[in-house]
Structures are given as C-alpha cells and as structure tokens.
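Across the two complexes that follow, subunit A remains constant while its partner is subunit B and subsequently subunit C.
Then we have the complex of A and B:
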C-alpha cells in the first residue's frame, strides 16, 4: 500500500496532467484545419462534436494520445512482425545498429581511457580532440560518414553503427578515465609496497575500481547510441528502422505514424538503459556491493 | 649516535631492557632528513633522525600530528624518498627492500578492496608475488587463524566490523613472509574497547611470529603497553626527542597498565612530548 502511495500515485498524477494538457493542446492546434474542413463541407458542429473532430483527424498537427496509442498498438501487436509496417520490425532494425555501434563505442571508449590514463602524452593530446568531436552536430557528420563509406563500398549496418559509435564512445571514455583514476592513494600505496607492476595494478586495482563508472557511463552511451542509429537512418534513405519511419511520416504528413515511431524509440531506449542497469547491478552484486 | 645517547640517558627506566634488542639491525637511519616542498614553502617533515631497529623489537613512534612519525614509516617502506641522510632496511636501500618484499605495511584505514572477499583480500599480495594457489589457500587459512578471522573467508569487507576489517588487513600484511611489519596507527580509528582487545592480540601475534614491528601511534598507553622501545618525536621540524627502552616483561596482561613501572614509563613519554613542546598550540 505504501508503495502505491509513494511511487505510483505521484507518477500517475504527472501522467494525468500531461495527458490533460496534451488533449487540450490537440484541440487548439488542430482547430484551424478542422474549421477549414468544416467550412468547405458547410458543417457547423456544436462545441462537443467539434472537439471530437479535432481528436480524430487523419493527419492532425498534434495527434491525440489515444490516436497514437491505437496506431502503436496496431503496428506493434496486430501487424506481422516481418511486415514493413511493424514497429517491432523497424525497432529491431534500429536496435541492431544501436547495439553494434554501442559495442564498438564501449570498446573504443575503454581503449581511449586506458591510453589516456597510462600515457601522459595522450592525456594532453587526445582529450581536447575528444571533447571537440562532441561539439560537432551529429546531423552534420552523419550524411558525410554514410556518403564517404558508401564511396569505399561499405554500406548497410556498419555506417549506421559507426554513427552510434561516434556518439557512444565519448561518455564511456570520460567515465572510464575517471574510473581508472578512482583508486584511493592508499590502495595505490598498498600495491606499491607489494612491488606490483603496472599491469598488476591495472588488472587487480584499476579495472575493478572502474566498474561502477563503466556501467554508469554505459547507460548514457546506450541511449546516445540509439539516437545515433536513428539519426544515421535519416540521410541514408533507409528503407527500415525507426528513423526511416520518422522520415517517411514527415514526407507524407503521417503525424500519427511519426509519433508512434517516437514512442517505439522511447520504449527501446527505456529497455536498453534498463538492461544495462540490470547487468550493472548483477555485476556489482557479484563484486560484493551491498544489496 | 643519538641512539646510544638516548638509551644511556634513559637512566633508571632503561635498566635491564636489553632482553630483546640484541638481534641484527633491521632498520638503520643516519642523519635522515626529509623536506616537503609545499605551496607555503618547505616543510621539514624529518630532521636528522638517527635510529636503529633491531630484529624482534617492537618499536613505537609517538608524537603529535606533524612530527613525522608516519613519514618516517613511509620512508622505510619506500613510499617517500629522504632528502638527505642514509637509511637501510635489512642492509639494503628501502627500494631494494621493497622489491624483495621485506615488509608488510598496515595502513591507518584497513584499505581492503571492497570487491574482494576477506579471503581474496589476503591472497592479493600472494597473487602479485606469484604464489601457487595451493600455497595461497594454505597461507590464507594460517593467517586468518592468526588474527582470529577463521570462518569469515567468504565475507565481503562491508560485512565486517571496523576492528575485524583491520585484523583482516593485518592478515594481509602477514600473508607473505616479511619479517618486518610496519603499522601506521592501525587502531587509531577504533574505539577504546576494541583497541584494547586488538592490542593484546597484536602482542600475542608478535610473540608467536617473532616479527620486528614498527608501530606509529599517538596514544601513550598504547605505545607503552606494546613496545620494547618507544621513540618520542616532536614537530617542526620532525625529530626524535627521546628514546625509551621499556622495562616491562615480554608477557603483558592488560592489567600491567596499572603497575607503577608502566606508569613510570608513561610519565617519561609524556615528559618527552612536553620537552618537544608538543603540548603547545
């Protein structure tokens, strides 16, 4: 009961407030076009009917929540998952390049961090470039990556994954630099008294000490990877994927499709972040964290 | 040689104390100085320290904060480099001694690795030093028994009390065969009751293992209770003001702290601290 009162009710109140604002906003945003339609059809509905019409347009400026829910439900559960319309299929396409890019990005981020921590020259030379790399808008980089790679014959999953890599290596690199430098002076002194080598200090002290930092930054990185994968689908003229759905939706003013693709994207993001969180928690428990 | 001078000046207290200090020299410092360069100018952490620690001795270093007692321990351990003077550990430089794994160091905080069980914390130095896993298991069993932690092998550090954690860190320092144990206020963060208990356990352990122990503390009763030799230090610059050979027998029940002999030594330590202006400011 306390769980209900303390956790569910606050969330429910916020959700209800958002839905209320959304429905009201939908009325006002869809009203001009609806009025136009009604004028042309010489209809004069009363207020109630008019509001109902603004919530039931085919291509609304702002779809009402139930329209999105309906579309999402239909394209997720009622369409065969092999169909081009299926959100499961499109999510899977995006997910596969997200995961590949995330894996690349995590490995790259860790390698960069190891280099920065152990080689003073890299610490000074690499870090400014890494930070600068993240100030360039991904939307500007993405088409160039796709075009350049296509020119040398690399197409398909890899170019999209590389855009995810570009976004996801950064949080991992920064987090791991911090993590690998996180051991106490006391622990480092202790290893020194054992006359431990650099490699032993790395594997027995720095790496385990960095694990919590790794999972925290991986949570950020996996969400960034998904953004990268979606953005990567936009300039490629990709035929499938959440990004492709968004693009197609905007071409044909299928706003409801766009919104339900967005919802699919957020569901994937939540699942990915939660999955990293669960794995992280599992590893930390294995490593003796307090339950 | 201020060692012999101090011993001579020890007068009546030093009578008949030589029972344990007849072994070979383990640590020998001559004119040892260390100056830290800080933003506020140089700080003389150690000035002209002359000191010998013999095999089997239990030497306490006592003094207020900033007297250099921890710094001296860290110089022995090759965690700090002296600015001038000489120091030898087992007849070698501190660096060579460290490379030969000549000492075990117990820090003020237990410093256990939180991701390792107690057992795996104790095997840490053994893994680094390349002991076989059978040998590791045997040594873990032996050293945990020595510090009364048998049965806690699979626990993680946070599941143990502060005193038990510190005992585990002592086990870790004992796990490999270093004859010299350097202890930097190991019981400083513990309450008095636990500290009494650990002190008597430490004496027992010392008697059983015949190690040489250098022990930093700022507790007068602790220093007098544990030591065969007490080095009184004072700050600015860090130096030795008195060196007291204890006349207490090797076998020391906790009640020995009520005897006149004990109180006499404690009094002299206090006098030494006062002479070093340690009670000022």
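Then we have the complex of A and C:
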C-alpha cells in the first residue's frame, strides 16, 4: 500500500501531467503549419476539428504521443524483423556495438584499476590523465576514429565499439579503484596474519569487496556505451542503427520516425541498465549478500 | 649484489642492442644522424643508466636524470624530423631505452619523500606531467620514425604547427560553440534544474513523482534529441543551447534534490527551535549542506554540455563551430586540423571543469573533503 501511495501515484500523476503538457504543446507548435495547409485548401475547420488536425499531421513539428506510440508499435511488431524499417533490427545493430564496446570498456577499466591499485607510480601518473580525459568531449573524436579506421580497412562493428569503449572504461576504472581499495585496514591486516600473498589478498579479499562497486559503475558505463554507439553511427553515413535512423529522419524531416527511434533507444537503455542490475543482484546473492 | 631496477637493466640492454645496429636511420636527405649526434645520444642514455643504477634516489640524481634523458630524447626526435619513415630498429631501441629511463625517473620521483609543502605539490604536478610528455614523445617518435601516413595519425609537432597557423578559425569556432551554445545552455539548464529541485522540495508529492523519472532520464541517450532541436530552433547556436539545456537539467535536478536531503535531523531541529522559516532554513542550512552535491552536478554537466553542443553540430550548423569543423575537416582528410580542434576542445573542457572546481573550493571551503581532513 505504501508503495502505491509513495511511488506509483505520484509518478503516474507526473507522467500524466507531462503528457497533458505535451498534447497542448503539440497543438501550438503544429498550429502555424496546419493553418497554412487549411488556407491553401480553403478550409475553415472549427476549433475541435483543428486541434484534431494538429495531432494527426504527417510530418508534425512536435508529434503527439499517440502518433509516436503508433509508429513505434508498427515498426517494432508489425514489420518483419529483418526489414530496414524495423526498429528491432536497428536496435539490434546499435545494441551489438554497444555490448561489444561495453565488454571492451569493462575489461579495460578493470585492468587499469588493478594496475593503479598495485603499481604506485601508475596511480600517481595515470590517474590524473584518466580524470582529465573525461573533461575532453571524447565524442568529438568519434567521426575521426570512424573515418581513419575506415581508411585502413577496419569498418563495421569495431570502430563504433571503440567509441563505446572510450566512454565506458572511465566509470568502471574509477569505480573499481574505489572498490579494490574498499577493504579496510583491519581486513588487510587479517590477511597479513594469515601470511597471504599479494595474489591471495587480491582474489580473496579485494575482488569480492569490489563487486558491488563494479556493478554500480557498470550501470553508468552501459548507458554511456549506448550513447557512444549511437553517436558512432552518425558519421558512417546512416547505414543502420538507432543513430542512423535519427540522422535519416532529420534529412527527410520525418519527425515521427525520429521520435520513435528515440523511444527505441530509451527502451534499449532501460533494458540494459536493468539487465546489469539484475546480474549484479544475482552475483551478490550468490556471493552471500543478504537480500 | 644489489638488485637493479628492471627498467634500468632493460634500458642498458636496449642501448647496447641499438649500438650494434647503427646507423639510426637511412640517409634519405642530407642530414641524417651524424656520428657525433649518435654518439652523444648513446653516451647520454648510458650515463642515465649509470645514474639510475648507482642508487641515486635523491633529488639531485632525479634532476640530473631529467636532463640527460630528455636531451637524448629530443636529439632523437630532432634527428628524425624530415627523415620520416627512415628510422631503423636501432632508433626504436634507443627511444624505448629513453622511455624506460623516464619511467624509472617517475618511479624514483614518486618515492621521493619531500619535507616542504611547495615541493610536494610540485612533485604531484611533475609525475603526471612527465607521463603526458612521454606520451607525446613516443607519439612523435613512432609516427615520424615509422613513417605512419599523415592522414592516419599526424605527429604532435605537425598538429601544433597547424594549431598555430589557424588560430583565427579555431577562435571563431570556440566562440560559436563554447561561449554561445554551451554557456547559454549550461546556465539555463542548471538554473532551471535548480529551481525545479527547490519546487520539488517544497512539494513532497512532486518530489516523489519526479525523482524516479529524473533517475530514469539520466540513463537515457538524451543526445538523440539533437536533430529534433536543430529542426525546432534552426541551425544557429540556439538549437545547440537547447540540447545542452535538456542534457544538463536532469543531473542538476537529481543531485540538488539529493543534496537538500543531506542536512542532518539535529541541525534541522535546531533551526526549528530558532523558529526559522522555510526559506531561512533553506538558505542558512540546507543549501550550504547541499553545495557538494550541487557542485558535483555542475562538474558532471560541464563535460556533458560540451559533448551535447559538439554532437548537435553534426546535424546542421552555420559554417562555424567545433563540431562542424571536425566533421568537415575529417571529410577533407585534414586530420591535423581535427586534432587541433580536439586540442581546443580538451583545453576548453579542462578549463571549464577547472573553473567549476575552483569555485567549489572557494564556496565549500568548510567541507571535510576540501579541508583535507
């Protein structure tokens, strides 16, 4: 009951308010073009009919939510999955490079973190640069990476995945450094009294202690990785994927298509973050965390 | 026998290997490595090896090493400039040896125990600086030595030359992207996020409804609204600012709401016993307590804002702007110009972040993480 009162009702009300504002905004933003259309056709609809027209334009400035939902439903469930128009197909293209980049990024981040924790000179010399690297808008490098790699014959999944890697290694590295350093001095001393070696301390104490940190940062990393994959699709000339769908939509001003591609991207993001969360919970339970 | 550091031993071996495979480069032009130059490089590097092996872990030895290694490195780089692609294995052996010695120098530096506070902060700067310099040296040495095609990866000196020769263009792009789009969007986005957070704090129902949505939206690829904003607000900087507004709004909202909940019950009760009003409590207690959270959002947003503006420029711009320049110069294969633009973006991003961090230190001087407690 408290969940209903504290979460569901407030969220539902806010969502309803957003939708209401959206519909009203759609009337006003689509009105000028609709008036022009009606003038040309010498029509003078009454207010109700006019509002209905603004919510049913072909290429509206701001599509109404039901138009987006309709388009999303059609392109997800009613088009063959192998078709170019299918959002499932395009999401899969983006998802595959996201996952590859995420895997690279996670591995790279963990390796960097292990290095930083164990080699003091790396901690001092590399850590400031890792932090500085994130103040650089790394997405600015995306088109160059793609074009340059294409020039030496590397195309397809890898260049996009590299951009995802670039964006996703940072949260993992920072989170893992924190996690590997999280065992407190008492536990480290205990390992010392057991005469445990560096490797044993690492596997039996530091790694288990870092797991919650790892999954928290992986949630951030997977979202960043998706952004990288979408941006990586822009300069390749809109072949396939959610980013390509956005670019094609902006070329032909098919706004409804763009919005439904955005919805698809959001669904993928939510699913990815949720999946990482579920895996994290599972691993923690397996390791004996109390629910 | 005492153990020598592996970097020194390996550097010695590489020096000797390099010496057996001379000359350093094939003679393409009139000025390859002269015998005197080659000899000087070898001597400097061998001398450095001796310095590291003689157990000099003091400041004097480190400074000596700093000079010998870098003079050798710059003589190597100076010799290869103009002889691209002519380097022989011995060149790379010596470059690697110099790199290992610099690594050793960094290890020595980071182990140095300094008394003086000023010296310690110099040490904290010098170690990452050395690391960065060596990335540039290796980049320069490898691209020039191996003759990597210019369109793949131009050497840093070429990028610097390009940077210096196209300052007006870079300046115009900087003004368009950073001073118009990013700053306007950042101020509006962070400001409105802050105001909505205060509103949500005043109305608990709103907070309960907005916080889950805010958290959800933070994970979404918001950057995708860029083409829509370009369609709505036109090609000029207003559309980029709009993207930045949306991107910065949610982190600010979520962090400020979290920060406003950060003040303790005791302090809030104290304010109640003083009979202070909501606004008095807000300004005197809760906002200062929320400051670290708010600055955290401001820092996250400083990088998000630059990314948003640059990516939005891919979808259409007037013929100026950093994102526009990058995408067109890539198309024309002027990769050195792209790198120059990336350098501008990096500096702008770092300065932006640095300014926010500086203001944070000045405003939240009382916080334990700043006092170093």
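Here is the rule we use: the second predicted complex is superposed on the first by the 281 of 291 C-alpha atoms of A that agree within 3 Å, B and C clash if a C-alpha of one lies under 4 Å from a C-alpha of the other, contacts with A are read in each partner's own complex, and residues count from 1 in each chain.
The working rule: contacts are C-beta pairs under 8 Å (C-beta built on N, C-alpha and C of every residue); 3 or more make two chains touch, one makes a residue touch a chain.
Just so it is clear, the structure is predicted and the values come from calculations on it, not from any experiment.
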| item | value |
| --- | --- |
| Three-chain arrangement built on subunit A, subunit B and subunit C clash or fit | fit |
| First, second, both or neither for A:15, with subunit B first and subunit C second | second |
| Partner with the higher number of touched subunit A residues, subunit C or subunit B | C |
| Touched partner set for A:7, first subunit B, second subunit C, both or neither | second |
| First (subunit B), second (subunit C), both or neither touched by A:153 | neither |
| Contacts of A:287 with subunit B and subunit C, given as first, second, both or neither | first |
| Computed vertex angle (subunit A) for partners subunit B and subunit C, CA, steps of 10° | 70 |
| Minimal inter-chain CA distance - subunit C and subunit B, angstrom | 11 |
| Residues of subunit B that touch subunit A when the two form their complex | 77-79, 98-99, 101, 103-105, 107, 109, 111, 113-117, 124-125, 127-129, 156-158 |
| Subunit C partner contacts - residues on subunit A that touch it in the complex | 6-7, 10-15, 29, 61-62, 120-121, 124-129, 132, 134-141, 143-144, 147-148, 151-152, 219, 223, 226-227, 230-231, 234-235, 242-243, 246-247, 249-250, 253, 255, 258-259, 261-262, 265-266, 269-270, 273 |
| Partner subunit B, residues of subunit A touching it in the complex | 184, 186-187, 189-196, 200, 204-205, 208-209, 211, 287-290 |
| Footprint of subunit A on subunit C - complex, ascending | 103, 106-107, 110-111, 124, 127-128, 130-132, 151-153, 205-210, 212-213, 216, 218-221, 223-228, 230-232, 302-303, 306-307, 310-311, 314-316, 322-323, 326-327, 330-331, 335, 338, 341-342, 345-346, 349-350, 352-353 |
